[in-house]
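Each of the two complexes below includes chain A, the first together with chain B, the second together with chain C.
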Partner chain A sequence: MSGNRKREVLILLSVGGGLALLPLLVGEFYLYVIRLILIYAISALGLNIFMGFAGQINIGSAGFFCIGAYLPTMLQIKLGWHYLTAFPLTVVLSLFVAWGMSYPLLRLRGHAMAIGTLSFAMAVHLIAERFPILTGGADGIVVPPMALWGRTMGNTFYYYLILVFTVAAYLICFLLVESRIGRAFRATRDDEAGAAAMGVDVDHYKRLAWVVNGVFAGVAGSLYAQQAGFLSPSTFSLWTNIIVLVMIVVGGLGTNLGSVAGAAIMTSLPYFLAAIQQYILLVQGLVLFIFLRFLPYGVIGTLARRYRRPLLAKKG
Partner chain B sequence: MNRVDLTLKEGRITALIGPNGSGKSTLINIISGVYAATEGNIFFEGKCIDGLPTHKIVEMGIARTFQLTKLFKGMTVVENAMMGGHSWAKAGNFFPIVLNRPSVRNEEKAVHEYAMEMLKLAGIQDRASDMAGNLPHGQQRLLELARSMATKPKLILFDEPAAGLNPHEEDMLKEALHSILRMGVTILLVEHHMRLVMNVSDWVHVIDVGCKIAEGTPKEVGKNPAVVKAYLGKEY
Partner chain C sequence: MEKLLKDFISIMLVGLSLGSLFGLVGLAYTVIINASQLVNFGQGDFCMLGVAVCWFLLSIFGWPLWMAFPIAVIAGGLLGIITEKVMVTPLLKREVHPFYPILGTMAVGTIVAGGVGIYTGFYWMQIKYFFGTEPWRVKELSIDTQGALIIVTTLMLVIAYWFLLNKTRLGTALRATGFNREVSTLMGIQTSRMVRLSFVISGVIAAIAGVLCAPLSAFTALDGLPLAVSGFIALIVGGWGNPYAAVLGGVTLGVIRALLTGYFSSAHAELATFFVLIVVLTLRPSGIYAGFMIPKAIKH
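Up next is the complex of A and B:
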């Protein structure tokens, strides 16, 4: 077990190291797309914990994304905080919001729970739109650039900042899914009554997965705001909720690598198809349909099944 | 269920039999905290356990299996058995895990070892890295046994463990039951399979339509006219 794990961590760290060299190799535009991919990868990894591993449905990640984006931005604008001081507070706030939300939410099951998560995201979206004091309103606001040691930080710095968080998020998920907690998540997904009979407090683990989902989405949102430089409530529409879900389905539910692959595919798709931009929603819908119909395990899940048989069936 | 009193002797196999719909599984569900009893109490080691949630009851040392297996089909066989460690190996909390603490790694090793031991006890250790959903039906039942034994229980409630087993698997079940007894675990066996019950149990309770109608050694119960009438049929 440990030999395999060590090798995977090494692979991950060297991929991270390779990505760190990218700013030297690619131009500004590609770097922008890769930043977006990495940000969405964080969000997708979190959603995958809740959906792919704990087996619950969440179509409201954008709610946390929105909170995570606006909180540090408004702290910077209104109170003159530094982004790096506002950031930990963002993590704490998303954690508390997720924790609080989990109590009403866990009273619901299945599709009702999914609608519950959606209404949460809609509520956050409405608050962002209707309370200009909190968010700058529907017109949007400019996010002040970050300064360190008297110098304004540019896109390359943001890229590294995002990369560090993406690698950290991946490591957390990697360690989590094959641990006591990860097994409890998967047991809850496969059979709640069976999990309870093994001593698993099912509600506790659903809550934990939801909080991980919320915090990861919050972190992703906060990184997004800083690197984009501009925020408006329309950034966090219904589509933002769905696209992350499409990512983990396309990549492969219940695989960490799949979340990253899905983020890469769905984020870069519009740029590959720039020529038919007006039909991009159609294409994305078609992609989702094709995967659900023909490749239900997603890119990574299908590959794993073909080449390594069951993905999680590693020799003990 | 109505006025059923049941005392389980430590370190023995007590069987509970009765016709379909007599409330055998209901009783297991009440003891394991799935249903709440409207009246009466359940004592375990001198402590009243009714009203406790299922996972707390497991922690106190009462494990169970299900009539229709409730395995984790998307997990491997050994991971299913490792779920048994959830109630006794508790170093695996969020921060120790994501910091990859040695305490967590050592505990994982211990849980894995114990899970393998229990798979051996059930005779399915060579299927350890298969997906649980891919096992044939009989082995799935044996995996449920291994999994509930992996919780290190003091009392284990078996809900028809022999249903659908072939003769070979039945022998393995019998052997496993004996090894479980040797480990000092008390067994409540709910079963339809008369040959198995008569063979292995020390004491038999018979219930019908939610009421207890007889109890005694397997031999006594087999001769009791009320039992023969309610359950075994005239020709038995």
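Up next is the complex of A and C:
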């Protein structure tokens, strides 16, 4: 296993390094897309922990994404906090909300959990839309630019900030998966009753996976808000939840690399189809359908099966 | 005082009609669940498709309602068959992540929503009231005709479903398939056909529900998923696996929403739905009406 661990860390470092050098080579448009990809990658990695490794279902990623986006923004606007003080608070709050919501949501089985999580996201979206005191309402709100040492930060700064967080997120997932915790997750996914019989505290691990999912999505959301400069509740609508889901399915459920790959593919897709904005939803549905039916292990999963890399923690 | 009463009755009527929509969606879910333990999250999009087809035939081709409506219903049934054939059954055969069939139904729903959206530009698909907008006056009350139609149709559909399940051989076969698939096969029931049938029935119910409610609540291409969620909440709140409980659950939710919208605001009403869900899940997870008229062989 350790050979593969080294290999994965090497890939991570080289890709990270490459991305770090990118601003010197390519233009702002590509950097913008990559920023988005990285943000969604963080969210996808989190969702993958909960769905791919722990085997549960969460169609409500947009909920934490939304909370993570609005909280630091409103703290900056209403209370004059700096992003760097608001950010840790956001993480803590995401943690609490996730922990709190885990009690009603994680007792549900299967389909009910799917709808429960989706309802959570819907409720968050509703609150964002209808309570302007909290979020500036449906018209949206401008995110104050970040200032450090007296200077306003620009896109390149955000790029590196996001890159750092994405690499950190990947590392966390990587370490988590190879550890005891990761094994417990996979045991829960593969056979919950069996895992419980072997002494795995299934509820505890489900909760942990859910919290990781929520916190990652919250972090991604706050990064998103800061680099977008403008927030509106419509970004976090119901259908947004589907996007992250499609990403992990396309990339490969149960592989960290897959989540990133899926995020890269699905985020850049609209830009390849730039002329036909209206087709986005249809394309997402078709992509999800094609992958579920014909490539159930996703891009990375199918490739890995071909080359039989034990790099992946896959079921079956 | 009289005004208060009149308002209350109007609100209750709205609640009952809205609730019937949720209830019918919940019923459609239950039909599939009872035959195959599957949940079709594209259910809301089935409704939306019915509306889309009906609207298309009405507005673009200028067909009369009595022609467009059946076609829309057939479209719903067809979508059911397609979903089942193309997505669900192949996925069940493979060894994949346990939630793939669910995701598969969502994928089909998304495709339908995306497709309709492209054509309609995600705009509202307006369908006119069946009997005209003049309310029906009974004594001093004015009753909204579409609302009354919805309630009556829902009752008829529930009775028809009950009849199918309990008084026909086909219904017995359906129930048997849901109860124990292997043994049903041994008894000579073609279970795969039964599953397919359940999808068709569910699609038909969904399409009827959608078209009936469209005059009141103007569907857009994106309204499928929120409706699927509301219908599922109706199902959970009412009683899992019990079609009559699902309808009652839907009606309850509809009435609560209408009351809150009427006396407070619609934002409160929508949040209330989730609140009710959480409360029910915490206090009575099997559903409020779980024991209602339990059809004998459907209980698991």
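We take it that the second predicted complex is superposed on the first by the 303 of 316 C-alpha atoms of A that agree within 3 Å, B and C clash if a C-alpha of one lies under 4 Å from a C-alpha of the other, contacts with A are read in each partner's own complex, and residues count from 1 in each chain.
One rule holds in what follows: a contact is a pair of C-beta atoms (placed from the backbone, for glycine too) under 8 Å apart; a residue touches a chain by one contact, two chains touch by 3 or more.
If you're wondering where the values come from, they're calculated on a predicted model, not measured in any experiment.
Engineer: One more residue to check, A:Ser119. First (chain B), second (chain C), both or neither?
Structural biologist: second
Engineer: Using the touch criterion from the header, give the chain among chain B and chain C with more contacted residues in chain A.
Structural biologist: C
Engineer: Let me test your reading of the model: by the given contact rule, A:Leu36 touches which partner, first (chain B), second (chain C), both or neither?
Structural biologist: In the superposed model, A:Leu36 contacts neither chain B nor chain C.
Engineer: Which of the two partners, first being chain B and second being chain C, lies in contact with A:Ala197: first, second, both, or neither?
Structural biologist: A:Ala197 sits against chain B, while chain C stays out of touch.
Engineer: Would you check which partner chain A:Ile172 touches, where first means chain B only, second means chain C only, and both and neither mean what they say?
Structural biologist: The first partner, chain B, only.
Engineer: Touch test for A:Ala62: chain B only (first), chain C only (second), both, or neither?
Structural biologist: Neither partner.
Engineer: Does the superposition put A:Met266 against chain B (first), chain C (second), both, or neither?
Structural biologist: Neither partner.
Engineer: A:Leu208 in the overlay: touching chain B, chain C, both, or neither? Say first, second, both or neither.
Structural biologist: A:Leu208 contacts chain B only, not chain C.
Engineer: Can you list the residues of chain A that meet both chain B and chain C?
Structural biologist: Residues 254, 315-316 of chain A touch both chain B and chain C.
Engineer: Would you tell me which residues of chain C are touching chain A in their complex?
Structural biologist: My answer: residues 39, 41, 86-87, 90-91, 94-100, 102-104, 106-115, 117-118, 121-122, 222, 225-226, 229, 232-233, 236, 240, 267, 270-271, 273-274, 277-278, 281-282, 285.
Engineer: Which chain B residues qualify as touching chain A in the complex?
Structural biologist: 32, 34, 53-55, 58-59, 63-64, 66, 70-76, 78-79, 82-87, 89-94, 97-98, 100, 104-105, 107-108, 111-112, 116, 128-131, 147-148, 151
Engineer: Which chain A residues qualify as touching chain B in the complex?
Structural biologist: 1-2, 171-172, 175-176, 179-181, 183-184, 186-187, 189-191, 193-202, 208, 254, 310, 312-316
Engineer: Sort out for me which residues of chain A touch chain C in the complex.
Structural biologist: 51-52, 55, 57, 59, 104, 107-108, 110-112, 114-116, 118-120, 122-123, 126-127, 129-131, 238-239, 242, 245, 249, 253-254, 278-286, 288-289, 292-293, 296, 315-316
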